[in-house]
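These notes open a run of structures that come right after.
Shared chain: chain A. Partners: chain B in the first complex, chain C in the second.
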Partner chain A sequence: MDISVNPGGSVTVVTINGSVDGLTADQLLATLDAQVDAGRTHLVADLSGLEYTSSAGLRAVLGTVKRTRSKGGDLRLAAVQPQVFKVLDLAGFTGIMKLYDDVPSAVASFGVQA
Partner chain B sequence: MDGPREPASAASAAPDRRVAVVIGSGSVKCAAALGLMNVLEREGIGVSMVIGCSAGCLFATMIAAGHSTEDAAALTRRLWTREIASQGNTRSLARVLLPKVFGFDSQFGLRSDTLILARLREAFGESHIEDMGIPLYLTATDFGDGSQAVFSSGRVVDAIRASIAVPFLFSPWRVGGRLYLDGYMADPLPVGVAIKEGAEVIVAMGFESPYQDNVTSGARFAFQVSSILSNNLLKSQFAFHALAHHAEVIPIIPEFRQRIHLFDTGKIPYIIEEGERAAEAQMPYLRRLLDAGSPTRAAAGS
Partner chain C sequence: MGDALRVEHPAVIESLPRLLAFVDDACGAHEVGREDAFAIRLATEEVCMNLIRYGYAGRPPGPIEIEFARAADRATVTIRDRAAAFEPNSAPPPDLVSDSERRRVGGLGWHLVKHMVDEIAYRSDPERGNQLTLVKLLKERTA
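Presenting the complex of A and B:
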């Protein structure tokens, strides 16, 4: 898994590529936690390059959703690929999270221009 | 029962990495689990336990007993035909129409279970769950209180008959003084059983129930309602287990481009193929987890 963070403006875009599973979820959670700790609570996860997530990845995402929302922010998902969408849907995430076709739309959903 | 496969538990996976295979409810689509097993076997990944629900119990049992894919597919074709649900249960019908005359009780089912019972007995005889080559757990739903029942011992035929007691279609089945209904009513994909039994990596093959294109009969109406309920239950239960525990759950949801009906045993080769395809897509992640050591430790804190 590769993660990159682009903290530009009031919305931080976290790009996650590869796969999130029991071996990599800690790294993802640490990266997301670091953003929230730094006061960046308007997060967009660019999942265009994410091929897979297991239950460990779901737990990392949910933990971040709870933390950002408790601070008035949110974690929103962009460009979710079909195989990942299937898992998110099965786990009920599509009912509690906001998903967008692409990063600019997700960033704009916070009321700012990409 | 010819041509048994080498029990998967004897394959090359290290014994401390407890891999469970969970086969959810899904009628004949559950044959996709045979494709999953083909892939696991090819990869040399051993299985520590098999869990089945509803029709998934049939395949879980055949896998735990060591049947080859070909043998299991042939057995399914003989066992799972339209005829098993074609004979009406006139007694139940009379009881529902005139309950004061004929009396009504909880042994209600609109179809006779005579043929399915005969076929289950022909296929599994007096074999017991505890005698399988791989530890086997079969789930049903307690009719009295709605709780999930897990059969880890006793006659295979009783557990399967209980787990496929589709409400209204087949009557609940009595085991040890209690009545049981189809396992999907408690959890269509019983991942929780694997977690409870100590599995670290759970390969969970689940199936969404199909929705009706046209609701043109009472039976289709009932199936539609059942599909809505079971699909929502599948999602909520999967979400709970995936988020509440530290076991690694790897969901495998085969994509069926062809519509699969309840008794489409003619499509078993296609179903197995789709099961293989879906399983192969997850193998890189499963392989990495197993190669890296204890997934529970790796996932801790996530």
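Presenting the complex of A and C:
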């Protein structure tokens, strides 16, 4: 797994590439926690390069959704690939999270609601 | 049935990359399609993570053994361990409907396993340990 963070303006884009599994999910959660700790609660996860996630990755995502929403923000997903979408859907996450076709749409969604 | 491939590692988190690399490589060697390989990897990881996290709780981690075999239209992953017996039907149901504030992820791993594979068989034997067999009916052909 490879993660990069682009704080940008009011919305922070976290790009997650590769695979999130039981070993790498801790690194993902630490990166997402660090954003929330720094006051960045409007987060977009760019998943265009994410090929795989297990329930460990879902746990990190759900924890961050809860934290950001409790502070008036959100974690929104962009460019989810079909296999990862299937896992999110089976887990019931597509009903509680906002998903967008691409990063610009996800970033813009915060402006619409602000 | 084609030649079976087999690997064994201790049930610790550091073993996970090698266990997953084994199923990835086995799927590649047996020309399992991408979507089916994803499902096999996910089911295998969820089972292994359960063993790593909870299986050997309270005692030193024992082995996780994975065997992979492919027949014409099916891939079979057999996972053996010496952990406490696990009754698959006793796994808690996942929470798929609560709002984000109340949502729990407990039970999600086993829920994913059941959706990723087509057949699941489990037996626990005091002498030989536990054996979980996952069968994936292959939809794709890469050959």
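Everything below uses one rule, namely that the second predicted complex is superposed on the first by the 111 of 114 C-alpha atoms of A that agree within 3 Å, B and C clash if a C-alpha of one lies under 4 Å from a C-alpha of the other, contacts with A are read in each partner's own complex, and residues count from 1 in each chain.
Everything that follows uses one rule, which is that a residue touches a chain if its C-beta (ideal position, glycine included) is under 8 Å from a C-beta of that chain, and two chains touch if they have at least 3 such contacts.
Keep in mind that what you see is a predicted model, and the values were worked out from it rather than measured.
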*Is this a clash or a fit when chain B and chain C both end up on chain A?*
clash
*Between chain B (first) and chain C (second), which, if any, makes contact with A:Tyr52: first, second, both or neither?*
both
*Is A:Val87 touching the first partner chain B, the second partner chain C, both, or neither of them?*
both
*Is A:Gly22 in contact with chain B, with chain C, with both, or with neither (first, second, both, neither)?*
both
*Does the superposition put A:Leu62 against chain B (first), chain C (second), both, or neither?*
both
*Can you tell which stretch of chain B collides with chain C among 79-87, 115-123, 241-249 or 259-267?*
241-249
_Overlap of the chain B and chain C footprints on chain A, listed as residue numbers_ = 21-23, 52, 54-56, 58-59, 62, 83, 87, 90-92
*Sort out for me which residues of chain B touch chain A in the complex.*
206, 234-236, 238-239, 241-243, 245, 247-251, 253, 281-282, 284-285, 288-289, 292, 295-296, 298-299, 301-302
*In the complex, go through chain C and note every residue touching chain A.*
13-14, 16-17, 20, 35, 38, 41-42, 45-46, 48-49, 52, 94-97, 99-101, 103, 105, 108-109, 111-112, 115
*chain B contact footprint on chain A (complex, rising order)*: 19, 21-23, 25-26, 28-29, 52, 54-56, 58-60, 62, 83, 86-87, 89-93
*What residues on chain A touch chain C, complex-wise?*
21-23, 52, 54-56, 58-59, 62, 65-66, 69-70, 83, 87, 90-92, 95-97
